[in-house]
Amino acid sequence: MYKNLSPGAIGIRCGFVEGLDLAQKAGFGGADLNLGEAQKLADEKGVDAVLQLYTERGLEMGGWGLPTDWRGTDAAFFESLGKLPAQAKLANELGCFRTMTWMVGWSDDLTRKEHFDQNVRRFRLIAEILREYGHSFGLEFIGPRTSRAPHMYGFVYTMDGMLTLCCAIGTGNVGLLFDVWHWYTAQSTLDDVRKLTAEDVVYVHINDAPAGVNVLDQIDNQRCLPGETGVIPNGDLLRILNEIGYDGPVTVEPFNQPLREIAERDPLEAARVTSRSLDKVFAEGGLQNR
Amino acid sequence: MYKNLSPGAIGIRCGFVEGLDLAQKAGFGGADLNLGEAQKLADEKGVDAVLQLYTERGLEMGGWGLPTDWRGTDAAFFESLGKLPAQAKLANELGCFRTMTWMVGWSDDLTRKEHFDQNVRRFRLIAEILREYGHSFGLEFIGPRTSRAPHMYGFVYTMDGMLTLCCAIGTGNVGLLFDVWHWYTAQSTLDDVRKLTAEDVVYVHINDAPAGVNVLDQIDNQRCLPGETGVIPNGDLLRILNEIGYDGPVTVEPFNQPLREIAERDPLEAARVTSRSLDKVFAEGGLQNR
Amino acid sequence: MYKNLSPGAIGIRCGFVEGLDLAQKAGFGGADLNLGEAQKLADEKGVDAVLQLYTERGLEMGGWGLPTDWRGTDAAFFESLGKLPAQAKLANELGCFRTMTWMVGWSDDLTRKEHFDQNVRRFRLIAEILREYGHSFGLEFIGPRTSRAPHMYGFVYTMDGMLTLCCAIGTGNVGLLFDVWHWYTAQSTLDDVRKLTAEDVVYVHINDAPAGVNVLDQIDNQRCLPGETGVIPNGDLLRILNEIGYDGPVTVEPFNQPLREIAERDPLEAARVTSRSLDKVFAEGGLQNR
Amino acid sequence: MYKNLSPGAIGIRCGFVEGLDLAQKAGFGGADLNLGEAQKLADEKGVDAVLQLYTERGLEMGGWGLPTDWRGTDAAFFESLGKLPAQAKLANELGCFRTMTWMVGWSDDLTRKEHFDQNVRRFRLIAEILREYGHSFGLEFIGPRTSRAPHMYGFVYTMDGMLTLCCAIGTGNVGLLFDVWHWYTAQSTLDDVRKLTAEDVVYVHINDAPAGVNVLDQIDNQRCLPGETGVIPNGDLLRILNEIGYDGPVTVEPFNQPLREIAERDPLEAARVTSRSLDKVFAEGGLQNR
């Protein structure tokens, strides 16, 4: 496992290369791939130029956010799916084999069965294309009760449900974007994390939760930095992820207002604060930044 | 909804007709169908004779436990599946349209994907036959962490996971055997029950949990009678089930030693104790025994 | 059934409206829809303006050729699939509910199984979108032995194979573009046409075959006008199609050099020759141009 | 390829061991496995005793007829399917890896789509079990027009249709029981046989057709011995089968009254007549009995 920077996830607005500089300076082991900017650069200067950005900074590849519009109309979905083969090919050439997206556990329009059918059909088409280019595809479930309670229809919102959905997709390269916040708010257990395999986990998000709030009342965009409160047992979780063989990026996505303010004022400081928070929980989990 | 008696579920050993007598005397509104004994009786005296057992006691049909050996070898499974059409036909003629089974959320042999593939394949074959005869098929998930923690591989153990599995089966007549104990131990929420539809719920089990035990440390066969401790919000759950349109049997399955002892000594008393426990939570939920 | 004009199919190069004029003047009952030109016109003057082109000439809608690039790469396929919902919607608004394409029965790259998997997957996606807009989708098999013999791998080339493929697609709205030439060269029988249902036949092509050529030696682009040689029993075929309830367009696609020459010199004359050839076989089949 | 004896197929009524004796005496290279009798023998004396019957006579294993009742009710199908794992296991232990059945191309009850759905579902379950034990599964299409013409609904009746059905089953171990009679009556071509792979052909039946009868008027149970009339190009077919890599049994199934009469009077003579007919067409095809 390695500390991975996704600048946007901590509120830093910056270009792709600038983000890689921040990652290096703040002591991260890896950084996400901005596929759009990487494409432009590769078109101009070749794939090697992009690779060099990582190697000369001693950074590993993190992941690339799935660019496909799988939530829209059939027209929008298929049109964007037509672009995926080229995108997946580029990511393959760059050696970045983890892509991911998040999926909400509710709808006001689609019944559970309609939601299931549409998502399985679309994710299967996506995953088949990704598989041709060697990619794993991580799906993030959204755990907070407060997010889905107001909506009409329910859908998958737990680790258990998402792993079942992955089985239904059935392509063999789909697993979790495992976000400890959603694991916590959906009230799964450490024992259930122990039962995961390395293939089940495509990407990891960590963060912490405000203290003094009932787990069922936690609000999705009010989180803390890893190790900040200790509500979420990040050290235990990282130790277990290591034991099951996960060796990929660990990214902080705290939806945290104070950090956002730092990020706007001083991006490098925000990156450093984030990096230190990861050091703390890596140490709790007995891990080193690879 | 109606108070339903499954004699074996509270430790009463008795014949089919004897059980119907107990249900009537203890004030139940319905009783499960023992399909094996019903078959013998129907063979001897006709289907109407079985129906009369219910009508003359003013009892509704509860459910019939799925007799198919879906956990065994392919040989055992298919052989028993060959008997299902006749069984489903008889239950149809008797007007008993709810059948159910339970499914454990772990394995020491099958990986999650193997478990999923085998169960979806078999449940689909079962559900297709059941559908031809008008039956709903309820699957019970097993919630306690303590049950699955010792095992090698995980599988579906939450309401969310089971509903996803039902979507994957895809036959349209598969839903939950909703057992409040498993809902509680798997830590689902009342809001998620509110999102169920009447079709999602095929059959209901209620019971209570020992007080003073952490939810993650509850042991599957150590339960209490409904309303005994108030750990499980049975009144709220019944109210919500009523609101979403569930109108079927509510059966107590308490795995409770003291009740078992009463049942061995005095079956009618055990039935009455159980019936009164249902009265209590029905009242809490603002329901009447239909 | 009605005599339908597809100008390009008989070698006439003309605009959409010009083609409708030719159809009217030559006594056709219907004409194919050029969806691209119809779209332009609808964008400018509205859907009703397109409809009026047909109604004021007393013409029925024929079919619209499937515009989706289902033979190309995944990228090309999905990109063009993204345009299908809007195309299908327009055709629906114009009341033209038959779309079709042809499929070759061989490959030099794809094994039969790979060919099957790719085509079933793609045709299913296409047919699902078409179904939402009420369309039937006709697939044309290619019968001549001489066309497929030189190629490496075989695939579907008979009416029987194509109907089986339609079952495998499984969407319920896929059937045959029934071309009598391919029925003849693949050596099916009149009895097998009698077993078709109206839903099996989406669109009909008729033409005749050169006399004095062994059926296995016929060449795909050397055909005759309907009734020209009598090698293909067009009268019998039309009679049977009528009996099974087919009531759609009947289009001549003769791949015939003399007719092409007439078409280049005098389009109206080519349309009239074609129309008269249809009159002849309609009469043989006991039909009237609806 | 080797000359294979299936005594029943030429009208010989005899026990399993007696049939093996006839095969040896008449110069066959192999003989079909009677799985029921082999089971009894294996139960009494062990699997090796059955194997020895073949080795001491210098015979190869032919095939074993699929014993599963896949045409009946769900109840009958599943009950017999329950016996298949043990049957497939025994055949595996005996080294006999080809099993087969025939499928008619019509129905008076099931529409084409219903027929397709039922058969694909059942054949897939069968093929999955067979695959676990290493077996190939050959399906025979029934070609004569005269057989299916009187029936209500059509279904698969050509080589092309059957290969498409095999793709739809999709288990990878299903191919043709290739009977030259059905190839001939369904009017396929030699070129289409050239496109088969070794995996496409599980088992081969050969015979000839009466001379002077139009191919569409041939009657299914009025056939001739291989090479008797030369209507069916058995030499060419065997040569092509050899070229594509088929190396299994070649069995005569002539439905021939004169041979039946010989078989009743003098079984060995019938076997010898049959063996000589195979010698003739093997020679025409440039083959030796392996």
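We call the chains A, B, C and D, going by the order they appear; numbering starts again at 1 in every chain.
Methods note: a contact is a pair of C-beta atoms (placed from the backbone, for glycine too) under 8 Å apart; a residue touches a chain by one contact, two chains touch by 3 or more.
Computed from a predicted structure; not experimentally measured.
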item	value
Where subunit C and subunit D overlap in contact partners, by chain label	none
Type of subunit A:subunit C copy interface by residue overlap (half), same or different	same
Chain whose Cα centroid lies at the greatest distance from that of subunit C	B
Between subunit C and subunit B, distance of the C-alpha-averaged centres to the nearest whole Å	56
Distance from the mean Cα position of subunit C to that of subunit A, given in whole angstrom	49
Rounded Å distance, subunit A centre to subunit B centre (Cα mean)	39
Residue numbers of subunit B (touch at least two other chains)	none
Chain-level touch network, classified as line, ring, star, complete or other	ring
Chain-chain contacts as defined at top	A-B, A-C, B-D, C-D
Residues of subunit D touching subunit B in the complex	73-86, 125, 129
Contact set on subunit A toward subunit B in their complex	105-106, 111-113, 116-117, 120, 145, 148-149, 151-154, 156-158, 160-161, 163-165, 167-168, 172, 187, 189, 191-192, 195-197, 216
